Amino acid sequence: MPDVAKIAADLERAGLGAVQVAEEGLGVVCRADTSDAPRVLEALKADGFEMLLDLFGADTGEGLVVTYHMRSISLDEDVYVTADLAYGGTLASVWTSYPSALYPERETAELFGLSLEGHPNPKRLLTTDAVEEPLLLKSTAVRTHEEVRRDG
Amino acid sequence: MAEHDDVREPVLIAEGASAPAGLPKGLRRVPRGVDEFATEHLIVNMGPQHPSTHGVLHVLLELDGEEVVAAEASLGYLHRGLEKLSEHRRYHQIGTLLDRADYLSGVHTELAFARALESMMEIEVPARARWLRSLLCEITRLSSHLVWMGTFGMDIGAMAPFLYILRDRDAVLDVLEEITGARMMFNYVRPGGVLYDITPKAEQMMLEFLDRFESTYLPEYHDLLTGNEIFRARVRDIGVIDRDTAVAFGLTGACLRGSGVAWDVRKERPYAAYGELDFDIPSGSKGDCWDRYMVRMEEIRVAGGLARDLLDGMPEGPYMAKVPKVLRPPEGEAYASVESPRGELGVHVVSDGSDKPTRMRLRPPSYFNLAVIDEILPGHMIADVVAVIGSIDIVLGEIDR
Amino acid sequence: MALDRLTGENSVVFTRSEQLLDLARRHSLWYLMFGIACCAIEMMHAGGPKYDFDRFGIFHRGSPRQSDVMIVAGTVNKKMAVSLKTLYEQMPEPKWVLAMGACACTGGPFRDYPNVILGVDEIVPVDVYIPGCPPRPEALQNGFLELQKAIKRRAEERVDAGRGEDRG
Amino acid sequence: MSPWLDGALRVLAALALMLTNGVILILMLRKVLARFHARIGPNRVGPKGLLQTVADVGKLLTKEDFAPRAADKWLFTLAPLVVFVPAFAAYAALPFSETWVIADLETGVLYTFAALSMVPIGILIAGWASSNKWSLLGGMRAAAQQIAYEVPLLLSAIPVIMLAGTMDMGVISEAQQGAWAVIPRWYIFHPIGFGAFLLFLVAALAELNQTPFDMSEAESELVAGFATEYSGMRFGFLFLAEFSNSFIVSALAVVLFFGGWTLPFLPVEWVAAVAPVVFVLKVYFGIFVLMWIRGTQPRIRIDQLLSLGWKALIPVSLGGILFTGILLKVVG
């Protein structure tokens, strides 16, 4: 487990005192503002969290949460950064510090209906224009039993 | 038919998609067009139907003669909504979908999901179940690596290894069928344990296969590929991923170990029975296709040895914990990962206390491993493109989900 | 063949020669290596040493131009549908389609997802459906045998039409 | 017999030979590859699967005749013929026995090489006319490969021609009759001949587009290379020409290095009676070796192929000719 106090202090020094760092069931989680997220990630990279293992969004019903999962290979520690986002908001790209964010950012933007900022290739990743609704939003329904029946 | 007339061609290359200046790594994309010798560049679409894209990967290549100037992978030809559908399934039903994510080694995905649930619900898994899980993981790792080796050989142009691995894999699948009842889609690892106990017949079949494999087949593969001068010339110094690039692009598994980082979830975060076992983590140094090849070939050997150890030391006892009929994990989040044949496979579950997850995120290793090809392909020849993609070992099922 | 122009479409010579050619077609079904998802692995095994479809003259080709049968082995989604249709159109006549697995038949376990096509028969005409998730290579083999029967039946129907009678 | 009828019969004989060969070789390839790959191969169509190729040809004949919309129709149709005709013409000079030869040419070796070297032009046309990028790449590879390997192929035959003192394939075969003590008097067992054979083998594999040098149709890289857009019998012609070429190259190897239709240790008149059979068996063994290589070897990369051709094979074969010349001058 990473040292919560140390991370909080490092973030404080980087001028990100508003970020809450706490230990939860998942591990150490830093709750940041969306606009702060790229800077939080950079500060954590300086702390040795050199690999962005995963990036994904989630629809809570009230808004979106984007989670960044980071890892330090030398320290063998994981840390999570979460950022709340409104529906249809803008996701600031972090690919300059973590190129591994390139695909998942495009995917998240596409499947949750976000727009990307600062991404070198901000087009759709998984679907074509034939799919209009952001597929992973809770408001997008799956097909009903009647729709998938083949006999009528 | 008319229903899908609105399906349009995907936009192929984003206009003006060049990288901002002064950035560390990532996307050395050259603007398309004409180079200094006034030769026009050729843009070809490799895939989605191409013999060596390992499924339905689509790679856009900008070529100057035979040399790649820029490359871009285009995904989504198999996007079928595993994550979305999981939100509409009960926890017990999700295993069926997860098997189909990484269809070469479904057990690993099941295991990652089961572990995430177990950590949320604080279920204690019996020892025998843990050993059976490890055993199944190692058998599928072996069979998955066999497919990788065969297709990699075929990418380089050798047909024989591919057909030989099909012969061996059929034997492995027979063992798996004896244990789980299915050739591919097992749904064997359940939250709390495993579905069936191992039969003596399966044990014997496995040992027979391992004897044959280790004494005859594996040396045969090394003769066919490892010792082949043409093969060496084709894979040495090709597709070099240095340590920093590997880490920056979030590579895991053999791709990361090939670049010299001996990180393996089985060692660093032991799960199932791996904490009680002794095994090597092979790693490379340079990060070229040859290193990744050798790492995986070694892993095949290690997996065979591990399967033997696991059969030998299998503890007695129950193979399933007491688990409620309907799983309702408490509100919260959990992340669990396993070392799948392709790398770190993680499952992130968000629960609101009901019998269906709010969000089920799969962290597919080959999705991240694949992203690096945009970066490393420029400068290679077409023949190397298939070699590099082959050496990364992708499964489109988990990439597109 | 220009034989139909010489002898007329319903002549015995033409229908008999067609029957002979159907015999040839039946035993030389080259399939397009077009694996999409999980079923592709079982399709690979079908060509392997244990099942060896080459025995029946069933062999794979990389290019649609040289293929007779398209095995749709996997889930087809809206992005894939475009390519699938193009590939089907690139195959020369006579051509057949095998829908391998639940996804290709109906959308399978993923049919609820709006991006997935509910069966490949919405895009191309299907001759044989092979259920299973994924079907075993034996099932694929059976699918091919059914396809051979279907080809034979069609040739017989043409002969019957030539005789101006119906066998019922 | 009138010279016209005689000529027509000879052409027909060559055509029949080529087609029969094609049919047999395609089945042989499938059977041999299957065996190398731990499979059985075709065994359902006809007795022991013997009619498999007949079924394939019947099917290919009746496939839809098809040319891509963007293709250059005229060249697209022409290309299979450009590949097929030289492969057919090259049969003319092959000596099946002392008397069984379609056209007894004094420059038989040169003629056969010349006919063979036409094939890549057809492949290039096919690649260009298809207006498919993979085909084009296949065609360009074929052209680059042909230029690089035509030279060493011909140069590797020159030492043998110098030893035999003729380009007449019949005479070269006869010169290899008998034995040096226990070793047959074949040029393969001659120190110069052996070196020349190794060069010949490598260059011939490249010339034939065979694994490990099957650049122009590299299945895992270029889909089906120059043949990607070809269907039906046009594809059949390309396929047939490929097998015909391997027969011719194998026959060349047999004539130049393995004593043609002769057999050592047996009286000449015995051998003469079965000479065509001996010749064909030797050629088929050569083709078997080619298939063996095809079944087991990976593929080399195009730049490695070209540098091997230009930087190694050509200098070595030139050196070999020089060495042969000196040796012949000194030893006599």
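Labels A, B, C and D are assigned to the chains in the order they are written; within every chain, residues are numbered from 1.
The working rule: a contact is a pair of C-beta atoms (placed from the backbone, for glycine too) under 8 Å apart; a residue touches a chain by one contact, two chains touch by 3 or more.
Since the model is a prediction, treat every value here as computed from it, not as a measurement.
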> In terms of C-beta pairs in contact, which of B-C and A-C ranks higher?
Replying inline: B-C
> What's the chain with its C-alpha centre farthest out from subunit B?
Replying inline: D
>> Using mean CA coordinates as chain centres, what's the gap between subunit B and subunit C in Å?
In response: 31
> At what distance in angstrom does the C-alpha mean of subunit D lie from that of subunit A?
Replying inline: 61
> So how far apart, in whole Å, are subunit A and subunit C when each is placed at the average of its C-alpha atoms?
Replying inline: 45
>> Centroid from C-alpha atoms only, then distance subunit C to subunit D, rounded to Å. What do you get?
In response: 35
> On subunit C, where are the residues touching two or more other chains?
Replying inline: 48-49, 62, 77-79, 82, 112-115
>> Can you list every residue of subunit A that touches 2 or more other chains, as numbers and ranges?
In response: 126-128, 130, 135, 140, 142
> Which subunit D residues touch at least two other chains?
Replying inline: 37-39, 219, 223
>> Can you give me every chain pair that touches, using the contact definition above?
In response: A-B, A-C, B-C, B-D, C-D
> Given the complex with subunit B, which residues does subunit D contribute to the contact?
Replying inline: 33, 36-39, 133-134, 137, 141, 211-212, 214, 218-223, 295-304
> What residues on subunit D touch subunit C, complex-wise?
Replying inline: 30, 34, 37-45, 49, 52, 54-66, 219, 223-224, 227-232, 235
>> Under the definition above, what is the set of subunit B residues touching subunit D in their complex?
In response: 42, 44, 50-52, 66, 153-160, 163-164, 167, 224-225, 228, 230-231, 233-234, 381-386
> Considering the complex alone, what residue numbers of subunit C touch subunit D?
Replying inline: 1, 20-21, 23-28, 48-49, 52, 54-57, 59, 61-63, 65-66, 68, 92-94
> Which of the residues in subunit A end up touching subunit B in this complex?
Replying inline: 24-27, 50-54, 56, 58-60, 67, 69, 73, 76, 78, 95-100, 102-104, 120-130, 135-136, 138, 140, 142
